[in-house]
Structure formats: C-alpha cells, structure tokens
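The following pair of complexes shares a single chain, chain A, combined with chain B in the former and chain C in the latter.
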Partner chain A sequence: MNGATTHRSFLVGGMVAFALLALLPLFLSDWIVFLLALALAKGAVVLGVVLLLRGGLISFGHALYFAVGAYTVAFLANRFGVGEALVAVPLAMVISGLLAAALGLLLTRFRGIYFAMLSLALSMIAYTVLIKFYDFSGGTDGLSVRGFSLAGVTPVHSGLVKYYLVLVVTAGVTYIGARFLASPLGYLMQAVRYNEIRIEYLGASASHAILASYIISGAISGIGGALVAYLVGQVSPELAYWVASGDFVFVAVLGGTGSVFAPWIGSVVFELVKNYAVKFSPSTWQLTLGVFLLLVIYFQPQGLWGLLTRRRAKPR
Partner chain B sequence: MTTAMLDVDNVSRAFDMLRAVDDVSLSVADGETVGIIGTNGSGKTTLLNLITGYLQPTSGRILFRGSDITGLPPRRVTTLGVARSFQVPQLYTGLNVLDNVLIAIAAHSGRGADFWTPLHRRDSLVRAEDFLARFGLSDHATAAVRNLPEGARKVLDVVLSVILEPRVLLMDEPTSGVSARDKFSVMDTLMPTLKERRVTTIFVEHDMEIIERYAERAVAFDAGRIIADGPVAGVLGQAEVRRAVLGEG
Partner chain C sequence: MNILPIILIDGITYASWLFLVSAGITFIFGVLRILNVAHGSLYAIGAYLGATFVLRFAGQNQQSWTTLPLLLLGAIVVGLTLGPLIERLLLRRVYEQDEVVGLLTTFALFLILEDVMRLIWGIEPYMVEGPYRMFGRVHMAGIAFAGYPFVLTIVAILAGLLLWFVLHHTSFGRQVTCVISDREMAGALGINVPRIDLIAFALGTFLAALGGAFTAPLTSVEPGMGVSVIVLAFAVVGIGGLGSIGGAAVGCLIVGLARAAAVQLFPELELVVIYALMVAVLLWRPQGLFGAIELRKI
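This part shows the complex of A and B:
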C-alpha cells in the first residue's frame, strides 16, 4: 500500500492497457470491437457500483442512472436533433449526478438490505415511468438515437470513432475513480463499512461520505449509459429494469472491488462469456454464466482482479 | 473565577426504571487530569456517552467552556474539541494501522470530503509515522487492525483521539486489555503528551495503581451517583469508597 509505488504501477498499468486497447481494432473484427466498446461503457456503471460496495453498500438499482444517461442522449438526439457527444455525454453525467444527489438524501439514511431494496424500488419506479409516459419516452418501444457527431464532425466510420470515444472516456473515468479511491473520501467510504461510530467520533460524517460517493457513483453511471446509447443506437425501458441492475452487481462481484481496473476487467470478461455462452448454448446461457460466477466466487473470492494481485503479493 | 473547561450540571439519564446516571454534577478545570472509578454498571461509561452526545440526558445540562453542548451529536461535540477513546476499541478493522491513523489526520484537517488529493500525502504520512513511533506502533503500521494484539488495538484507539488535538479527552479504561508489562509505558508516553498540550483529561479506570500514579483528582461512582470527589489519596482513603468501589470490608 505504499503511495508512491502504487501510483507509478497504476500509471504504467493504465497506459499499457490503454495502448493495447487502442491497437486492438487493427487486428479484430468489427463486431468484437463493438462488444469491447459496450463492455467498457458498461464498466463505468460497474465502477459506480464498486465505489458503493467498498462502503459495504449494495446498490440494486444502478440501472436507474444507466438509463437516465442513455435517455438523456436519446432525448437530445430525438427531440432536439442534437447528436453531439461532447454536449450529450457531459449533460448525461450532470443529470445523473443531480438525480443521485436528490435520491441520495433519502438513501443515505439506510444501510444493508434496506439500502439495496430501496435502490431497487427507485429504479423500478423509473422503469415504470419510462413505460407509461409514452409521449415523453416512447413507452416500451423506447427511442432511437438518430445522428451522432463528435466535435461537430459526423464520422464515416462511426463504429470506430465511437470505440475510441468510449476508450478515452473510460481512461478519464478510470483516472477519476483512481483519485477517488486513494483520497480521504475514498478511504472514509471503506471506514463506513467497518465502523461508523468512530467516523462520527473523528468529527467526520458517514452520511456525508456516502452521499458524496453516491453522487459521484451516479454521475459515472450516467456516462456509461450515454455511451451505450450511442453504441446501440436505441434506448428502451429495459435499461432501467432490475435485471440490468442485477447484472451490474454481478459484474462488480465478478471483477472484484480491489482496484479501479477491476470493473472493466469484469465487464469485458462478462460480455465475452455471455456472448459465447449465447452462441454455443442459446437456451442455457444464463446457466453457463451462473456456473461461471460460482466458480469465480469459489476459487477467487476477491474477483478476477485477485488473479492479478495474488501472484504479485506472494514473494513478499 | 475562570469558567471550567467542562461542566456537568445535575445530569440524569434513566433507562426505563434504572437511573444509570443520577443527578451528577462535575466541574473540571482547564488542564486537569481526572480519574473516574467505580464498579461495573455504576454509570461511568454512561457519563462519557452523555458528555459526547451519544446519549441524551433525561435532565440536566453539559457545558463545554461555558457553552451548552447538551444534545449535540458526537460529530459536533468532537469538532468543538471533546474527543474520546473507547473501552472496546472502535477502529476500521479491515484497514491497516497506518490508514486508520491517516483517516483520523484527514478528518481532523477537514479533508473528509476531499475526493481528489491522496490520503497518503507526504505531510500526513510524516505526522502519522511520528504518532506511530511515539506510541510504539511503528512495527504494526502495515498490519491489518483485525490482526493486532488487543493491547496494540487499545493504544491505537487512544492515538486516534489524540490526533484530533482535543481540548478535552475522555478515555474509557485506556489500559484494560494492555498487558501489565506495557500499561505503564503506554501511560508514561500518553500522559506527558497530554500534559504538554494542556489537554484536560478524564479517564475511567479500574486499575487503582494507574489512578494513583497518573490522576490528580479522583471521582468515585456508585449506583449512578458521585460518592466522592477530590485529590486521589483522599478519595481512595474514604471508607465508603473502599467499601463500594474497592469491595473492601
């Protein structure tokens, strides 16, 4: 846990990962590049879940912010004809963050199963709203995302441009996440998990720490949703459905909570396994995924990230 | 006459029928070192919980430097300058010793909401290592708190409250769980540090040797009431104290 060396290995590791991901489209087919982009975009939401998990809080409703981010993009494109990512993605972040601030005021009073269930309930309210307010949200059909431009340019190879947009945003979110995890607030969130009484007796506030983390978590998740809207070109209420929230928690556990990189590793592995599971056993792919998670939890309780750190920790 | 550092005015606290603290008044001057003695269940810890706002008194008021702090939550009382340590150490058990100390340092310097600069900042690290060295915890710095011996956990719990640079420090049995061999060395480090900083200190203690050696004034509790209050030798010499607290004759 030495500050200086962790910092250096983080920077080197991050840059190597970024370079590798940037070169991949040269070698891989379009569909797998799309899959990677989708996994990285969803990874942002998983990071949002992980930030709270480190405080011992399970959000079973993070699809809410995912959907709000996605619908912000779709709404701008559909209703206002604004397909500019440099406008829509930051706006999605701000709106998700503001919503998280409002709901967080309520949620920070709860812990454990109550926090999880209330998160779930709030996301299902959003799901219902999206279905019922047809004029506003397109109901169960959802909205299509028409038009995409980046810095005023409408690209010809939009798939590739979107991939690099996702990659750059992922790098930015990873950086913010890493600073958060190493900061006093990041540690205070871990402290929340172990002892709230001591936090109060240090003159700090557990509720404020949770609220601040929740806002950051919601904002990051909104970014993920916005990117997915551009990638898929279509948003629907399913984005806010509890199954989507469950997937984010599933991937968070799969990747582990030990590092800011873990959510993305979990997310990429999840999308790949899911893709091949569907391909090779279309009727039992959920079973394949379930068995896969069981194996990971059984053999690697720290998540997939633990595979990388275990080997390094041993020689000490 | 100057105002006292801490005034407990006719404070009572009842749990159903039980009067855990019964009409207690206590005035502690700036820089004083007060030892509180009494059997289990005589109201000592309840008094600390009342002063720090963890519990609300049923009646009475508590003044800190002349201003009313009755009913303020622990967080506010702590930021005003009243810190406490616990009988059962309250620590972040999954984190290591250094991180526990760094979180206290960050909280004290108002960086609790800082999500951008590292917790392991150089100036904070220097302060943290200084505290760990002074209290003999350096060897444990990277150990997870849940793996620490009970004695070291006790010391760390006290260190966290000393870091807050309080005007008043309340300690609940600071040496219980610390080995007989180490407890005097812990107190020999702790008490001069507190004296040097002019910290008004109130500590609950079962060990009369510790009381005799480190307290200037003793307050004896029995059944929620103060039965004796004064210089240590005088209080420990009183027949009622010997009977009720020390269990003699």
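This part shows the complex of A and C:
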C-alpha cells in the first residue's frame, strides 16, 4: 500500500464515518445521541492514550488532562463568566497542552512501568488538590457548568447542537491525530516501541518523539475533557481519579492502536456496553466490563479495529 | 504542646499499615513483573473475610484474644484460595507480554472483584470493633493513643520477618531469587518456575489480605475500601523501588512520617504530600530508592 492510497482511503473512510454520524440523530432517540456525544468526547482522551501506547508507553494518569480540560471550562464559566465554547474549548486545549509540555519534560526519561507509575502519581496529585482546596475547586462537589454559548448564541440547551459541536471537534481531532501519525515523528513513535537505541544510532531522538506525542496527547485529552464538561454540565475531582485513567487505557486497548479511528470505535462500544450493563444488571455492571476486558485481552489483542482489518498483526 | 511524639507514633503506625498493603505488591512485581492493580481488592476481601470470621465465630465477647487468630485465618483462606485461582486462570497467560497487558488484566480483575464483593457481602458496612476496644488506650509521652494500631505494627514486623526468612533461609526463597534474576535460566536449571509463580502470587495475596483483615477493626468494612488503598501502595513501592521489600519498608516509613507531619502541620496537604514525595523520588531516582536499574536492551 503506498502513501497516496493510504491517504485517500483515510479521507474517504473519515468522510463516510462523518456523514454516517451526522445523519444518525435523525434515527436515534435523544438519550442515545447524548451517549454518542459523550463517547466521542471521551474518545479524544482515548486517542491521546493511543498516541503514547503506539510508542509502548502506558499513561496510567491521562485522566489528569481530561480533568484539566473540564476544570478549565468550568473555571472560565464560573469565575470569569466566559461561557463561549469557541473560546473555552481552545483554551482548555492550550492549557492541557502546556501542562503536558511541562510534565512531559519530566516523563520522557521514563519507560515501561515507571512511566505508568509517574503518570499515575501526577494525576493523583491533581485529584487530591481538587478535593482538598475547596474554595478554589468546589471540593468533592465540584463545579457546575450551566449552559454555554456557541459563536455568541446563548445559551445552548439543545442536545443536538451539543452533539454536532462534539462531532465537528471529533473530526478535527481525528485529522490532527492522523497527520501526526503520518508524520516522521509519528512513525518514530512506533520505532520507540521496538528499539530505542537503534533510533538514536540512526541520528533521531526518541525523547523528542515522546515529548511531541505527549504534548499532542495532553492537548487533545484537554479538548475531550472540555466537551464532557459541557455535555454533563458538572465537573468533579472523580474526573482525575485513577479509575478514570484505567478506563481510558481499557478503551484504548479495546479499540486497538492500529488506526486513528480505533479510539472512537472503542469508546462508542465501551459506552454502549457500560450503559446496557448498568441497565440490565445494576449490581454487576463492573463485573460485566471486567469480563469483557479479559475477553478482549485474551482473544482480540489487536482490539476491535483488528476485527475490521484483514492485515495480520505487525510483529510485537 | 509538643507534636513531635504524635507525628512519630502516628507515622510509625501508619507506616506499619502501609507496609502490610504494599509488601505484597512489590513482592509480586519482583517475581512476576506484574503490577497488580487488583491488590486493593484482595486487601478488601481479606478485610471482609476477617470481619465475617470474627462476627461468626468469636461469639458474644468480641473483645477477646481469639479474634486475632480469626483475622489471621481470614487472610490465610484468601491467600490459599483466591491467590492460586487468579494466578492459574488469569495471570499465567500474560507473563510474556507487554506490561500494559499485565496492568490491564489486573485492572479487569479489579473491576470483577469489586462487584463480586458487593454480591457476597452486600453494601452494608461491617463493624468489628471488638479487638479495637480490647486494646483500649496507651499513654505515651503524656498523650493517649489508641492501642490497636500497635497490633498492626507488630503484625507488620512479623510479616516483614516472615518474608525475610522465607526469601533468605528456605529452599523456596533461593528458588524465588533465581527466578527473579533470570526466569529462563532458572527453568533450565530444573526449578519449577510455574510453581514458584503460583506460590509467590499466593504469598502476595496473603499479605494483601493480612493487611485488610487486621485493618477491619480500625474502620468500617464497606464497598470501595480497597480502591483508594491501591494508589497509596503504588506510591510506597514507587518510592521504595519496585520489587524491593526493604525498599517498601523504607518507603512506608518515609510516607508514614511525612503524612503524619502533614496531618499535624498542614492538614490540607495530607494526601498531596504522599504523591508529591513519590514524584520527587522518581525524578531523583527513576527506579526508586532501592530498585534495580534496568539496562536498555538492543
């Protein structure tokens, strides 16, 4: 497969998916449109996790950027009276990206389990700070995000408008992710996973590739958090908790790391399975998710994306 | 009032509790190279089973010495049943794979066990205050401390000695050391590596359950009690160095004392201090204080 056809098939696939998702609300009920919007918004964070997973790095603390994005939006609305999504969402992206740049400088020295543990520790600092500093963060109650305006039209209540906002942002994030994966730095990340020392012998820098991935990963996770804050209308420290980070890694592996579309597939399936598990067996929904995850790990290690592609798995 | 004795004593009892919950995690990682996210759930199951045994078998008078062996029995039962079961059914398949797979397998196990506990024990909290009341108050440096936490200290020291003895003075311990340094070579030399894996995981599970069982009298045993424990244990083993039991002991003391100091001096920072310490130590020594340096392989 040469570069041009990959690019074309990506564009066609992306446009078809976008058109399908844009038409879906015509046929579906409100709650499932909400669920889809939520899944797509969280998918941005999952894509962030996937960008790092492709380099063999497990971020077990990505809920940090998710929460930073969400709290940025909540602060802007509550403290500064800025309810304009076109201002708040990009700002959430920039702030999460800056934080990722600062923390990324520390994290690029770490690999494997230590990378996972340090990311976990950083996210838990954010969690405890959000809980303990009540005056500034609202403590465990969190903050509410009451409505927002879109391009000056206030306030947005329609679930449909929120859905299309999420969809457009999703398309943008997918595009950024795809461009990054197709860039030399993106390819370098795959090489980081296989053998770092050889990369350095070839004159490239593994830590630059990791840092760049980490910054982009943090920035798009911030976007995901901002969108979820608007969708749910409430932010709380739980967004930064380690279980949330675990869920993101779960969904990343569920979708697979083979494509920039995989995180969204994983995220939608995850939200649907979770929703139905909660509905049909309220006392055992976590158990259902756990068993589901085990099945994916044992029988479909390439994730759901692997089901869609004929191409055999690349060597580990 | 002089708060130094309070900080010291609170710090040491908290450190003992931390050691009980984190020794198993670091031991399991040392042997199996798996960071067990479900460790907190095993801790909670130990607490539930210990509490159940005490409520069921200790009879009317729960303020008696028989409660302590009952708590221990709860931990032993968890170690002997759940440990081998989990290792055989779930973990054995993922040893040779990426770290993310081991991490996710135990995360799945965590989700499953959290619900299993709700199904078995319901959502009502269990209270086992007997042993706590029995030990009453201890006066030290003119301040009254609860007596029971010192039992935790003794249990932690005994558990540490047990681990040390097993690792350094038994044939099993030597085999474990071999497996840790080179699994393949150990197998080639005739060591039954799968058996070592099984016993090691069971021992780690027992330690988690032991921590839980002896914590039961201190707190109400309720759903979710293991969820926050696990990240604290990660902080301790991250500071001490993964796979190092001595490191875990030092990590516990550092974290325990730092937290006790923070509680007395800057209460808002109670938990922040723990994770900030972890970050600081990892930045200074990425492998933790006592962790082995891993060479990059070509």
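We adopt the following convention: the second predicted complex is superposed on the first by the 306 of 316 C-alpha atoms of A that agree within 3 Å, B and C clash if a C-alpha of one lies under 4 Å from a C-alpha of the other, contacts with A are read in each partner's own complex, and residues count from 1 in each chain.
Everything that follows uses one rule, which is that a residue touches a chain if its C-beta (ideal position, glycine included) is under 8 Å from a C-beta of that chain, and two chains touch if they have at least 3 such contacts.
A quick note: this is a predicted structure, and the numbers were derived from the prediction, not measured.
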| item | value |
| --- | --- |
| Which superposed partner A:132 touches (first chain B, second chain C, both, neither) | second |
| Partner chain(s) touched by A:250 [first = chain B, second = chain C, both, neither] | second |
| Partner with the higher number of touched chain A residues, chain C or chain B | C |
| Partner chain in contact with A:112 - chain B first, chain C second, else both or neither | second |
| Touched partner set for A:216, first chain B, second chain C, both or neither | first |
| Partner chain(s) touched by A:198 [first = chain B, second = chain C, both, neither] | both |
| First, second, both or neither for A:184, with chain B first and chain C second | first |
| Which superposed partner A:9 touches (first chain B, second chain C, both, neither) | neither |
| Chain B versus chain C as contact partner of A:242, first or second or both or neither | second |
| Partner chain(s) touched by A:208 [first = chain B, second = chain C, both, neither] | first |
| Chain B and chain C footprints on chain A, overlapping residues | 195, 197-198 |
| Contacting residues of chain B [partner chain A, same complex] | 52, 73-75, 78-79, 83-84, 90-96, 98-99, 102-104, 106-108, 111-120, 125, 142, 160-161, 164 |
| Touch list for chain C against partner chain A, complex | 29, 35, 37, 90, 93-94, 98-101, 103-105, 107-112, 114-116, 118-119, 227, 230-231, 234-235, 238, 242, 268-272, 275-276, 278-279, 282-283, 286-287, 294, 296, 298 |
| For the chain A and chain B complex, residues of the former touching the latter | 1, 3, 7, 179-180, 182-188, 190-191, 193-195, 197-205, 208-209, 212, 216 |
| Footprint of chain C on chain A - complex, ascending | 53, 56, 58, 60, 106, 109-110, 112-114, 116-118, 120-122, 124-125, 128-129, 131-133, 195-198, 242-243, 246, 249-250, 253, 283-287, 289-291, 293-294, 297-298, 301, 316 |
